[in-house]
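When the chains are written out, they are named A, B, C, D, E, F, G, H, I and J in that same order, and each has its own residue count from 1.
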């Protein structure tokens, strides 16, 4: 049932060892199956956790990644393992969110990419971080992420 | 335009000095204008702040007070000033919420009373505190407070 | 197209003068068209305004009336005019809400009735008032009013 | 692919003439396919319209019907045609809602039935009508209808 | 990392052939890991599809299963495969929903079980089906399923 | 009651055999009944299922199709049958969503078209795919699809 | 209490016969009371019903009309009667929605107009239709209609 | 605790007589305390009521006013009294909403202003009115009002 | 600013080493500051993660803990550290959720306790687990947790 | 675990005395860890309170701060302490909100900044204040704050 484009994958459908840090994680790529048009792909990752570089305490985030592929798609199981590899990684919210974006840009060479990191509150004040590789392309459809802002209680 | 029942009020419609702590605050009372039936009154107080007894940092809460009056109502301006008097008062969430309930019970002698304190998160984990003076009376209508539970982000 | 039961109505389909205060307002009654079963009727009145008895300032409320009719229904146009007659009437929230309930009980002699008054905030603290004529009948279906509690901002 | 229990149906899968009033409409019945247990069935009918008996103007309602079948189920296409047959029928909200309930009770002889009629506002005040055939059976699961109450604007 | 209680599983962590109809599907069981207390487990299955027994057209449902285990839990991968096995199975909404409940009762012998089937609308009128094995146990915590009722448009 | 423009339809109002794969499905066309103006049509298809090309497991999606017709409309029953024909078809999320868009473009030759595919999560991370045929025309009204992003739990 | 601008109205405040089809309905006009500025008016019509031209079955829609008046306003009672006149009129969703827009444009000669028709689902797939008379004027404030897209169940 | 800019106020902190119509109401002005930057101020007025010029019946609206101040701010107590002065004033929805906007423009001479009037339904169809003084300035932040459109019931 | 009751705490306000597994974690206790009445405390923990005992993959949950204290409260920082100690602990959803409940019961000896575990979906089907120590006490106020059930997409 | 960029911080991880007014508060700065790209950071501060300059009464606000850093980030603990320092500071809503924005601009010299202040209602009419440092940069992603406007009750 598989196409040729899936044959070079190293992790999908295999029993791979989970990477223990972001550097060790590998992002598998698939040839874009619809290369003649520009389109937009969104991954929603509500299961993200890393560590605070100062206190070592766990941090949690809801992360949404949007991109317009060029020649390659990221394979989603390898993306999941990459996101999980931050579990024992220490980085500030701004650093971590933008860093994921920069890594994906370097590996996928997409036509456009953005990432939104919606972090759980610390000290009563959550931080959200938003990064994109320049102005959104006008001919591509770019819907809002529409993650609600934090409301406290009441 | 006023009725006799409002004549003993000390704070409503007057330019009173705000109390600086809960002990100093006075709760004014009004004779129940509908004494022949049991009914239920709800005050919603989204503007509550006190201090942490250990760190001195400000805490915030959304507080909802429900009661079934007997002979007296609490006058709402004096209730507002009482709630504001916690601004420089230090108490744990459980202590503070239940304490407001106990003070109101002592002064109003209501047929029934409950208080819900919905505190803003500290350390990622908000605390809600719920106190009532025994089982809700079945012949009185007691609607849910329906304050949403905390959801984090995402 | 009319049935006999509508023939005694004084206000429906007529060009009546609006009552200028609650005492002047008349509640028209219709014979219960389904007298063999108990059922429950809800009126939702989001357009209610009265005056504050102390300051003369306008107050606003969202009011919901539920009842189980016995021999008579209240005709809805006369109910609307009765609710509008509070426009220049001065009463406290508790007094006003429970008073509407007591008037309807006196005139309709329903099997059961309740009224919820959800008042707009004054001094940052809205007051809700809930009155019913005893425990809700178990054989009748009594859904929640589910009017959301006040949340402030944020 | 059909079972015997569907063989007596007069309207399902056939090109039947729509009934022009409720008396003309026929409710087809199907033998209960799970007769050994009590269970609860809900029909949600957001497409209901009838006429006002006084003015002849159209009325609209969102109607939800819940029942616990005994020996027969109502066939849903015939139910849809029955509900559509009110399109030119004139009745008050209370009369119409409870009347649908009584007709279904007479024809289906269910173990229990209730109907909620949520009518669009007239004169700023919507009317909801709730009818059930006595107390809900405790051994059967009876979820809330949870149709939101009317909120006006704002 | 596995406990003994998982050793008899036939499908979890294995590359099993998907069952092609409900009769062929096997429900694997796990010994209850917390046998000394009663607790409640909910499975939410928004990915359910079967066929209409009369027209052969696909039907879709959102299904929620709640139970109080006795000696055994159902293993969740085998439950997923069982639910998927309805993909080419033809049954009416009432039959299908209650049938899943009855099968789970027969195999798990739970202390209590209920199932809610929330079917996508046909002919403008969705059908919801609710089944439980008698009155909910009072000493166990049984939260609402709170799946919203259908609202049409607007 | 039919117009000439409906006479060439092959599937509407007829008892046609369901297509078993997308290639077999036929999209019927209707002459645009309002050809003198540009307008925008939205189809919302919450009942979509296909198969994973690697594992053969079923996938589910909520799909929304928007287009600005030129000379032809797509007939909605044939669209429904086309969407149902993916039930046993294996394709990746990106491939499948964009492929539906490309087929509709090829057959309808619309002035503009877009498609949003909102896929149920796999591995905790749902994929959304968005495709449009270039920049949205400014003189046509193009409302947001506003399908909520995935939130996980909590 | 009336102004001159209301004197030519034929239907408002009068006991007029309801039109039986759209051609018979008359749209009354009022001189624009604020002619020196451009502004935007929205009518929300959740009570719309027509007939299917093929099957004769009733269709339902939630319709929202937005316009920027030039010299005339449409009088709202006549608009209501016009919308009601579709009750026995047969037209496809696209035809009907755009047709109402074109009629209003022809009669009101507004500076700009748009109409959104949000139709109840048929065959599981609702159709929404959006029409406007060219690009929205930038100096006028044009808020979103923000009617939620259809979600199916679950 | 007061600044000089508040010294010319006639109504704030004083016991003033409420104006009985809009002409009598006075809008007090305060010098802009942050004159070196452009910013945007929103007043949300959910407590608005006026009279129908034809029937004399009360109308209700939720009104939101947005403006970019130049040299003066409107003092909020005087704004409240101005809004209350419509209580016995008769005007059509369009006339009234745009008229408030024009009065504020004339008195405040703001850099930009807009007003949204969200009126409660009459005859089943609410009217919303939106007015602004030309295109929104691009360098100022102008958030949506996002008042939900009317949904009827269901 | 501290009271005597806080003097025995080992972790609050101190720089303690985070526990690496649940057995190592210590729950600090505080004497109940309001011992004369029964009340209810809720902790909402949206930041919970553990490992799957079979695959070693991370699991995520939103957990809500409710209890009625007897002589002791749990100190909230120690509770946070206990919840964090599951980060590298492997347990099934049912085991883990009920286990937390049993540990808290053993250490706090509360009058009543319950715990709801709302787990993120695996295989498209999330599992929720609910445990309580018998029937909820009627004289104590026990609000719903009201965490929404999972809806998939659309 | 710390990087060099955190070494100059005066407040993070230290036991600092809380500032008693905004002038006394210090905003600590961190070197931008991702200086090669433009990105956007949001702080959501639902716990803000200040005093009314005329009455001395407490005011409450939900404040959201968005900025595009240039060479420095604001350290979030120092931001929290700065926001808390308004607790005993008296300022009008417009003055206070814009003043926070101007202070942050002066200290951080960001590429762009905006602040939204959503104040709790006084006199029934809440004030929202929105300030930004000119037009939003088009190449940076600037999501809506989407804080809901005030709705009153009902």
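Everything that follows uses one rule, which is that a contact is a pair of C-beta atoms (placed from the backbone, for glycine too) under 8 Å apart; a residue touches a chain by one contact, two chains touch by 3 or more.
Since this is a predicted model, take the numbers as computed values, not measurements.
On residue numbers, the E-F interface is repeated by C-H, which shares over half of its contact pairs, out of the options C-H, A-B or G-H. After Cα superposition, the angle needed to carry chain G onto chain J is 145 degrees, rounded to a multiple of 5. Copies chain C and chain H of the same chain sequence form an interface built mainly from equivalent positions, shared numbers / all numbers used being over half. Just to note, of G-H and A-B, the chains joined by more C-beta pairs in contact are G-H.
Averaging Cα coordinates per chain places chain A and chain I 30 Å apart. One finds 49 Å separating the Cα centroids of chain B and chain G. Averaged Cα coordinates give chain E a centre that lies 28 Å from the centre of chain I.
Of all residues in chain J, those that touch two or more other chains are 46-47, 56, 60, 62, 120-122, 124, 126, 144-147, 150-154. Residues of chain H that touch chain E in their complex: 151-152, 154. Chain I contributes residues 18, 46-47, 49, 56-58, 60, 84, 87, 120 to its touches with chain A in the complex.
Interface residues of chain F facing chain I in the complex, by the touch rule stated above, are 46, 60-62, 118-122, 124, 126, 147, 150, 152-154. The part of chain G that touches chain H in the complex is made up of residues 1-3, 6, 12-13, 32-34, 37, 39-47, 62, 64, 69, 73, 76-77, 79-80, 83, 138-147. Only residues 53-56, 90, 92, 94-95, 97-99, 101-102, 114, 116, 121-136, 144-146, 148-153 of chain F touch chain A when the two sit together in their complex.
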